[in-house]
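Following are the structures in question.
One chain, chain A, links the two complexes that follow: it is found with chain B in the first and with chain C in the second.
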Partner chain A sequence: MSHDYKMVQWNPFKKRFDVWMLSGIALYLVAFVALTYATQPAGNSFTPIQAMIRATGTLAFLMLSFILCIGPVARFTHRFKPFLYNRRHIGVVTFLIGLVHGGLVLLWYHGFSETNAFVSLFVSNPEYGSISGFPFEVLGFIALIIMFLMAATSHDFWNANLGPGTWKALHMGVYVAYALLVAHIALGILQFEKRPIFFAILGTGALFVIALHLISSIASLRLSDRIGHEGWLRVAEVHELEDTRAKIIRPVDGDAIAVFRDGNKIAAVSNICRHQGGPLGEGKVVDGCITCPWHGFQYRMEDGQSPPPFTEKIATYATRIIDGTVYVNPKPNEPGAPQAPSEIGVSA
Partner chain B sequence: MSQDDFFIGWAKTPEIDRRFMMGAGLSIITGTAAVGIGIAARQRPVGPGTWNMGEVREWRGIATAEPYGMLRTLDLDGTERTALLGCQGKCGVSAKIGALAGKPVVVKGSLIQRGRHTMIAVIDGLDWIREDPEGSVDGLAFPQPEPIMDVSLEGEILDTKCWFGAMRPAQGKTHKSCASLCIRGGLPPAFYVRDMKDQTALMIMTSGGYGHNKDLLPYVADPVAITGRLQRLGDLFLLDAPVSAITRL
Partner chain C sequence: MSEAAAETLVMALGLYFLVGALVGLAYMFGGAGRIDPAAKGKGLPIRVRLLIFPGIVGLWPLMLTKLFTQKEPPVS
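For the complex of A and B:
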């Protein structure tokens, strides 16, 4: 909802989540470094910085993999919605861990010489024409830049000022960053640590992320309902609509529509939340307002406007009920335009 | 889903979500830590090198600038011992030895050591080396390289400072950029070989008796084969080969 922009809109849940997250990160780093030292042969030991480079690198990749899994999993179970609600925090912290990793690499491997460390990053290994010899550090650097842009613009201020479309497009860059990181690992550390288990972990992780997205996409398409009736789209029988919940309709042309039932009222709005593009149709009517499952943004059923003092608006759609069947007009009204809900028991 | 089960971040967390998050949080943290531990426990051995940076002391001996900056000194048991010389960062010091080459000197720095391989990382500033008025060249003068045999070997070109202990690990693709910077900066390059029986050997690389530098950069940290002449220089082994004798594997 529109509000005074603060660095973080803290609430008790976010605080508890962050405590858990930071505790987990600390546990991982301590465990990784401790095992790195404990399992080396007698007399062998990593330098502390190189142990931290590996600890932060592996952690950042695991966290980014988890972040990418949150969205698809949340489509299958509402229980994952709390992770989705805090995904932004995980993303920013993942970037910071990646930044520590990159900073230590820049200092340790590219510093302490007359050559500028940033120049060294791009020229010390000139084998750009080779696959196995490719300067993998550059891939990680580009991924880190993308993650920086995402972390820097993750705040609602940027979402509001860039516009939802631009903001969403920018943040889809996470997939580019992830692909770059997979290549960064495959062409970097796995050219040195060549045990099959490491290739298996990387391959399994990346394939799991890809498979989840494919399955999620297919499941979303199943929600489509394109059966028309005089230009209107059939939604469902009235009794098939669960109270306070929605059915998502995907017209051949245009954005997906969320058709909600609240008691004996039926109303349709855009399925796309104005905040971060969350799927409103997976939300719920709470206190008479359609509530986004991602961050709890709310819109009134009758006009698609956030209740005062908030000012967000989404498109509304006309609905009608004929012989117990709900239909929606796929032509959207202007965002925030009043559209009286259909009432069950009252003919169209 | 009951009326109260819908999660809204700014509202009271439903009990079912609270319980799920507790279980899922513990599982994810435990699982991630387990993966991390599994990875950490299977890393390659990084070698037994050490660098006692805080222990700065002086060494007496004979300095030379060719093929690289080196100091020939006496070990505790009275045998001759050759220590390579490097700066605190990624640079050699041969160009700074100047007129002191071949003379008795006192060198100040900290020791980098891996087995019998040693390097002195000299302190910053100008007073890292001075002539030793009480020293003598007798018995410590650098001998001429002594040919042993012609060899063809497969292995990896790396920089001595990192491999001796400045970095751990100090080999392979992840260390390639660092090794390139070190060799470009004048630190002695070495050829590291490991045979089928896990026997290893390290030879300082030269070309026609002089030191390599930027000419080696295209091959650093990659698997390569070299045909050259194995030589002995006191307690050091040298592999003398021009860059044209190096082929990428």
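For the complex of A and C:
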């Protein structure tokens, strides 16, 4: 919103979340290193750095897989909303863990020769035509560069000055980074490590990400198939709308619409938050304001305007209730235009 | 990849980030307020300036262009 920039918009909930996240990370690293030593094959002797390379690498991949699963899962259950709300923090920490992984690899495998460590990274294995001998480290390096750009532009300053469209396009690079990491692992450690844990981590992570995105996409398509009433789109029966929550409607033409219920009032607004394009319909109504699940940006139900002193505006839509069924007019009003909410019990 | 090609690539990357650091410094000392009125003076505390510095280093060609063309944040 239009205000002074803060370093991190922490609140008590976000602080508690970060403490839990960092504790979980520390626990994972300790457990992974301990298990690495406990289960190492006879004749092997890992150094602590090698164990940490594996621990940080697997952790970064699992965290990135989890980040990519948050959006689809949050569409089906409110329990995942806290993760959605804190996804930016998880993303930055994931990059930092990846950076530690990359730094340790450079130090351990490329840092002790006369050749520059970065040059060594590119030339130590020139078999680009081979599968089993592919220079997989280069893939991880490119993925890390992409993750750096995303982490470095995660502050609100960037969203404001790149514009939400450019910002979101840049951050969709997470899918490229993830694909590169899958290849990095498949062509790397899986070629010489025979213990099943690494296959399990790669398989589980990638399978969940792909399956959840497919399921979520199919569910979205079903939402767009709605029988209209005089050009209006059917939303739901009144009793199907959960209090303070929304149903998201996706017209065949136009942007998705979030139809909220707050007590006996029904109002519809654009599903896209002006901050970072977050899905408003996955948020809830707090103190009469629609609240984005990503970063808590708020808009009044009756006109789509952020409460003063903020100035953001989103499009509103007309709603009506006929025989207990809620309908929405898919034609948007101007952003910030007043639109009286429909009232349950009052006919259109 | 040959060693000569790798050396050229690494040198190019180093040069890219060096120029990026210079543009980043320009942003930290007044440039940010030039493209975004909300980032003028105390609107952008020093800790936030440090936080946006790496992003400017990474995206300096775009941010250098904005420094000369953008007067306020884009409206979407």
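The working rule: the second predicted complex is superposed on the first by the 272 of 348 C-alpha atoms of A that agree within 3 Å, B and C clash if a C-alpha of one lies under 4 Å from a C-alpha of the other, contacts with A are read in each partner's own complex, and residues count from 1 in each chain.
The working rule: a residue touches a chain if its C-beta (ideal position, glycine included) is under 8 Å from a C-beta of that chain, and two chains touch if they have at least 3 such contacts.
Treat the numbers as computed from the prediction; the structure is a model and nothing was measured.
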{"item": "Touched partner set for A:55, first chain B, second chain C, both or neither", "value": "first"}
{"item": "Partner chain in contact with A:216 - chain B first, chain C second, else both or neither", "value": "neither"}
{"item": "Touched partner set for A:325, first chain B, second chain C, both or neither", "value": "neither"}
{"item": "Which superposed partner A:198 touches (first chain B, second chain C, both, neither)", "value": "first"}
{"item": "Which partner, chain B or chain C, touches more chain A residues", "value": "B"}
{"item": "Chain B versus chain C as contact partner of A:46, first or second or both or neither", "value": "first"}
{"item": "Contacts of A:189 with chain B and chain C, given as first, second, both or neither", "value": "first"}
{"item": "Residues of chain A at both interfaces, chain B in one complex, chain C in the other", "value": "115, 126"}
{"item": "Parts of chain B lying in touch with chain A, wherever the complex brings them together", "value": "1, 3, 5-11, 13, 16-17, 20-21, 24-25, 28-29, 32-33, 35-48, 88-91, 167-169, 171-178, 180-182, 184-185, 218, 222"}
{"item": "Contact footprint of chain B on chain A as seen in their complex", "value": "9, 11, 13-14, 17, 20, 23-24, 27-28, 31-36, 38-41, 43-47, 50, 54-55, 58-59, 62, 66, 78-79, 81-83, 85-86, 108-110, 112-115, 120-121, 124-126, 133, 135-137, 187-189, 191-193, 195, 197-198, 201, 244, 283-284, 286, 291, 293, 295-296"}
{"item": "Of all residues in chain A, those that touch chain C in their complex", "value": "2-7, 115-116, 118-119, 122-123, 126, 128, 148-149, 152-153, 155, 157-158, 160-165, 274"}
{"item": "Contact set on chain C toward chain A in their complex", "value": "1-3, 5-7, 9-10, 13, 32, 35-36, 38-39, 42-45, 47-48, 51-52, 54-55, 57-59, 62, 66, 70, 73-76"}
